[in-house]
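Take this structure first; my questions come after.
Chain naming follows the written order as A, B, C, D, E, F and G, and within any one chain the residues start at number 1.
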Amino acid sequence: MSINWYKFSAPASFYGLAGRLAPWFAWAAALLTVVGLYLGFFVAPTDFQQGEAYRVIFIHVPAAWMSMFIYLVMAAWAAIGLAFNTRLSFMMARALAPTGAMFTFVALWTGAFWGKPMWGAWWVWDARLTSELILLFLYVGIMALWAAIDDPRRGDKAGALLALIGAINVPIIYFSVQWWNTLHQGSSIKPTGSSMDEVMLAGMLIMAFAAWFYTAAVAFVRVRRIILERERHTEWVKHVLESA
Amino acid sequence: MKSRHKKLLAIGLAVAGLGIIAALVLNAFQSNLVFFFSPTQVAAGEAPSGRAFRIGGLVESGSLKREADGLTVHFVVTDTAKTIPVTYKGILPDLFKEGKGTVAEGSLGTDGVFTATQVLAKHDENYMPPEAAHALEQAQKAQATVVQQ
Amino acid sequence: MNPHPVLSVHGLACARGDRTLFTDLGFELAGGELLMVQGGNGQGKTSLLRLLTGLSGPVAGEVRWRGEAIAKSREAFHRDMAYLAHANGIKEDLTPLENLRFQAGLAGRGFDTDAAEQALRKLGLARCLDLPARVLSFGQRRRVALAGLLIASALLWIMDEPLTGLDVRGVALVESLLREHLQRGGMVVMTTHQALTLDGASVRTLQVGRREDA
Amino acid sequence: MNPHPVLSVHGLACARGDRTLFTDLGFELAGGELLMVQGGNGQGKTSLLRLLTGLSGPVAGEVRWRGEAIAKSREAFHRDMAYLAHANGIKEDLTPLENLRFQAGLAGRGFDTDAAEQALRKLGLARCLDLPARVLSFGQRRRVALAGLLIASALLWIMDEPLTGLDVRGVALVESLLREHLQRGGMVVMTTHQALTLDGASVRTLQVGRREDA
Amino acid sequence: MMQWASWDAFWAMGGYGLYVWGSFAVTALAIVIEVILLRQSGRQTLARLKRLNKWETE
Amino acid sequence: MLGFLLTVIRRDLLLAARRRGDWLTAQFFFVMVVSLFPLGIGPEPELLKRIAPGVVWVAATLASLLSLSRLFADDHRDGSLEQMLLSPEPAVLLALGKAIAHWLIYGIPLLLVAPVLGIQFALPAEAIGVLVLSLAIGTPILSLLGAVGAALTLGLRGGGVLLTLLILPLYVPALIFGAGAVDAMLAGTGVEANLSLLGAFFMLSLLVAPWVSAAALRVSME
Amino acid sequence: MLGFLLTVIRRDLLLAARRRGDWLTAQFFFVMVVSLFPLGIGPEPELLKRIAPGVVWVAATLASLLSLSRLFADDHRDGSLEQMLLSPEPAVLLALGKAIAHWLIYGIPLLLVAPVLGIQFALPAEAIGVLVLSLAIGTPILSLLGAVGAALTLGLRGGGVLLTLLILPLYVPALIFGAGAVDAMLAGTGVEANLSLLGAFFMLSLLVAPWVSAAALRVSME
């Protein structure tokens, strides 16, 4: 049969689109990771003050950026869902959260592993570190709320409300190094330019793009699963299930 | 009350609330709220008395001295305006260097010497190869000599 | 009496969890009419009533009150409607009279103590006026909730199994209350699994849920 | 069949709070008999049933099972009795079948999966076997509890308003279950405010509470 | 190998091997776990939905 | 509108008065958690003084959170929440009224007990003053934010703990600034910065939280 | 009889597995309470190390107490507790089984998380060992005593807080000996005395608590 089942609803067409895009994004992420790591480990020079330890930067900064960026995107999807009651937005929000939590964890972990040799402590309770920890708690709280509510529609909206209130934490994380004097360093990349060697900067940015593509790929795969679950009574999902 | 009036009232209250928030936050950032105190603040008596706190600043060049046991160190923390002598017994972080940033936790003795229980390194946001750093240093020195001349 | 339908429902669909309970349900109701929602266990009667009150939102379709979608004219609609749910909505620590007083306050209505007391007496709670609701039996609590409905003087009553727990006299009482309300031009949407005698009233029925399980 | 009364009650008195609900209540029940406890709302039917199960203790009097006070022969009595309370006693997170399995385990009975499944089907829950009880409607949950009663294969059933929430078919089903149970020599003590047709069964009635309020 | 005199030097990371490799290893682990979980739950979902749909059409 | 708000508050106050035991217990919990610390940590006065602000603030947080988990739960179970949402009055006022009532019932007594606990931990008088002041600004924040959490977790099993999980991260700033103010007082540095931020946080919650809780209540009713 | 006990335990484990979210949340609560203290008290490592045993123990107490308040409550509300009490098997086994299940579900994970928290507070390895050991002996006491409180407060509104009020005083000895053992380790004095007393207290609770809870259950059914 050559019926185009995907024509009929937004989730249906997005299901197809996400399925087609995911592998491309995954490959892009892999490729960028290889390039980024090569630059980071074999081309980028040793740092004048931190020596080789600075190479944690190639994972710490991308992870820290993504942890905040994913939260913002998730909150934006949640807001759109609440405002226009679009099912797909909530599904996107749900698909993003686990990866956001994962990157938050990675940022915390790599930060701790970097802080021990450089600062002399695994952990201090300064504003940057504390607010990032709160970000992890927020991610976990939102996911726990989703898990606790059986009715998907209620769960969507409840989680979205929480995500929105928590969004205020993101600017706090970002600006904490300016507002308070922290042990964490200030921004190396400012609107006025960067205070990093070009090769180091290139490696870091490429790794950040890799993390971005990875996030997109994983979110696409996850949102496909969520769409199937939500739309399981529709004809097109039945068709997909039969052919799968 | 008509619903239009209600709406106006709500907006008015919201604006007033935001105004108060802004004022309070600004007020807070004008006061001190810090992870560590600078030597100037300590000199001005803003730091806690009779208890542990953190000081932060640069390690003054040429001030670092090690005792014979190899663990106890003395150095001076400066923010270019004021200075505080510090003693510390323990392992220093790798980034701890003269001329670089540090944050030390401990308490200020009556003799004005700060006894630290923990010393952390605070580095800046510059990342570059040593050659570049060296070149930069040279350039700065050259400039400094130019200015002096 | 308004010749136009006051409550109208168009193309309503309802899903609980991942199950669709009904689709494309529609009806109209004018003053003096009673709509009896029928259906076996689990067919979606309660779900329908909650959609009508606006407590939950439909997957598709619309409920209109005096021609306007209730989502838009929420305030006016809720001023005209009273809902007797499965849960009685009375506080266990308050006496029946206090319960009614706060209900009126929360609904933004005035409260007439005498009228409320009279309603409670009418429902056979004369001996319980001073007791906290906690010690009342199940049927007695249901009666307190009914008294609340009575003094709300709403145009539309939405009642989910009002007869649960009521004894034979209680059922007869509800029947006479319904008749009075309809005669005054009121409207009722209700469900029940028990038999109800409402001679002379204009009663319509609505079947919810296609398939008969069991 | 035992010609002697199996369940006998002597001079029972019950007080809730500071109110005496009944005093000197007595009856006897033999195999194959059904006792219908009657009374208006708040007359003390539920309180009486809980006394019979031994969950609460009487102010005066005694409940005897095979001639022995149930306070003394608790274990034997509870082996022979099943109680359907107002609350269904099913866990929302378990499927109907799992619910029945644990009920059996907790009652120290063996469990036959096939028999349990058959009971559930008999009660019209064929389509709900894999669903957690949470998503079932009120009437469907009541049916799960009834299935539990069925497979308990107890001699004495004590049922508090078993018909609440059941639709017409459900009521008919319960009637036939009751008839079967009585024919097998079982005994039933129950309450209900609804009409019940039990032709041919030996039904006795007991009025609880003297004064009729309301 | 413009940066490193030998592989040993590479793994030692100027004495910071534990910290650098500890960071990268845990990151890799986190990503691998996420991918595995994603695949697993995807497969489970598919199987479950198939079962449910089959059972419902019966 | 104001009448509705007042009715909501009066109703909760009356219910609390009918259940005085509940209320006393919540206060007792607070006192007890604080008193547990000297038992767990040992009776060293200097140490106790150092940790007093943190302990009192953490205990106040936990005590409020425990009572918050029942903010809407009782009304939900007996069906009266449904009825209140069917009122023609806006749900924001309902949420606000509930939060205010909660603070009046559970927040204010904390303020009254706190000085006694401060004395127990050998806090000087000015520090006790700052402690009470910081609690006076901080506990309403918890009532407001907690109302959001209580509405979100309404009817969920294990709601109480889930509520904590959701609300604590949001509440952390209040805890830091509040305990920080007392600490600053003890350390002899200025308390103003901490208290200003606490006040700003309070205003922010007051502006945002009632709307979110109202929305959450409607969502939970679906 | 053993079959009945096992059924009770298996049933609760299955229910917990169905609600994995609940369970995770309880663990998270523990972690969060402990993490709150550095925020409230300030980040001084020496100080944190000093208060670590007390904080972890108090947090473990509170976390267990919170989950305990639901030990019988759910079963009570849906009527299954009534049914269990109508079982021919003795109610003592029911109470014991419930307490054991509670410990398996909520106690054991605490033991597993505690080391991580110990590291957060910069505790040395041996002290962490003693901490875990003391928790291993102490948390069952809480489950057992908590079952008594949960049974006593069954069906009362505000049961959770009331429970705390009843049980905390009983639990204080466990807290003192448990935190005392870790403290002793840190101070370099012997831990044996504390742990022995803790063990004795555990045996005592094991002997007494199930009977009392069973009796309390029957009473609250009336």
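FYI, a residue touches a chain if its C-beta (ideal position, glycine included) is under 8 Å from a C-beta of that chain, and two chains touch if they have at least 3 such contacts.
Here the structure is a predicted model, which is why all the values come from computation and not from measurement.
Steps from subunit B to subunit E, minimised over paths through touching chains, total 2.
The chain with its CA mean position farthest from that of subunit F is D. Taking the mean of C-alpha positions as each chain's centre, the chain lying farthest from the centre of subunit B is D. The interface carrying the most C-beta pairs in contact is the one between chains F-G. Remark: subunit A and subunit E have CA centroids separated by 15 Å (rounded to whole angstrom). The mean-CA centres of subunit A and subunit C are about 48 angstrom from one another, to the nearest whole unit. Annotation: 35 Å between the Cα-based centres of subunit B and subunit F.
Subunit B and subunit D have Cα centroids separated by 76 Å.
Among the residues of subunit C, those touching two or more other chains are numbered 16-17, 86.
Contacts with at least two other chains are made by residues 45-46, 51, 53, 117, 124, 126, 130, 137, 140, 144, 148, 150-151, 232 of subunit A. Those residues of subunit F in touch with two or more other chains are numbered 19, 50, 157-158, 162, 165, 168, 172, 176, 204, 222.
Across the interface of their complex, subunit F is touched by residues 19, 21-22, 25-26, 28-29, 32-33, 36-37, 39-42, 47, 50-51, 53-55, 57-58, 61-62, 66-67, 69-70, 74, 157-158, 160-162, 164-165, 168, 172, 175-176, 179, 183 of subunit G. Subunit F contributes residues 1, 50, 180, 186-190, 192-194, 196-197, 199-200, 203-204, 206-207 to its touches with subunit B in the complex.
Subunit G contributes residues 20-22, 24-25, 28, 32, 35, 38-39, 42-43, 120 to its touches with subunit A in the complex. Within the complex, the subunit F residues that touch subunit A are 148, 152-153, 156-158, 162, 165-166, 168-170, 172, 176, 204, 208, 212, 215-216, 219-220, 222. Chain contact summary for the complex, subunit F toward subunit C: residues 3-4, 7-8, 10-11, 14-15, 18-19, 77-80, 82-89, 221-222.
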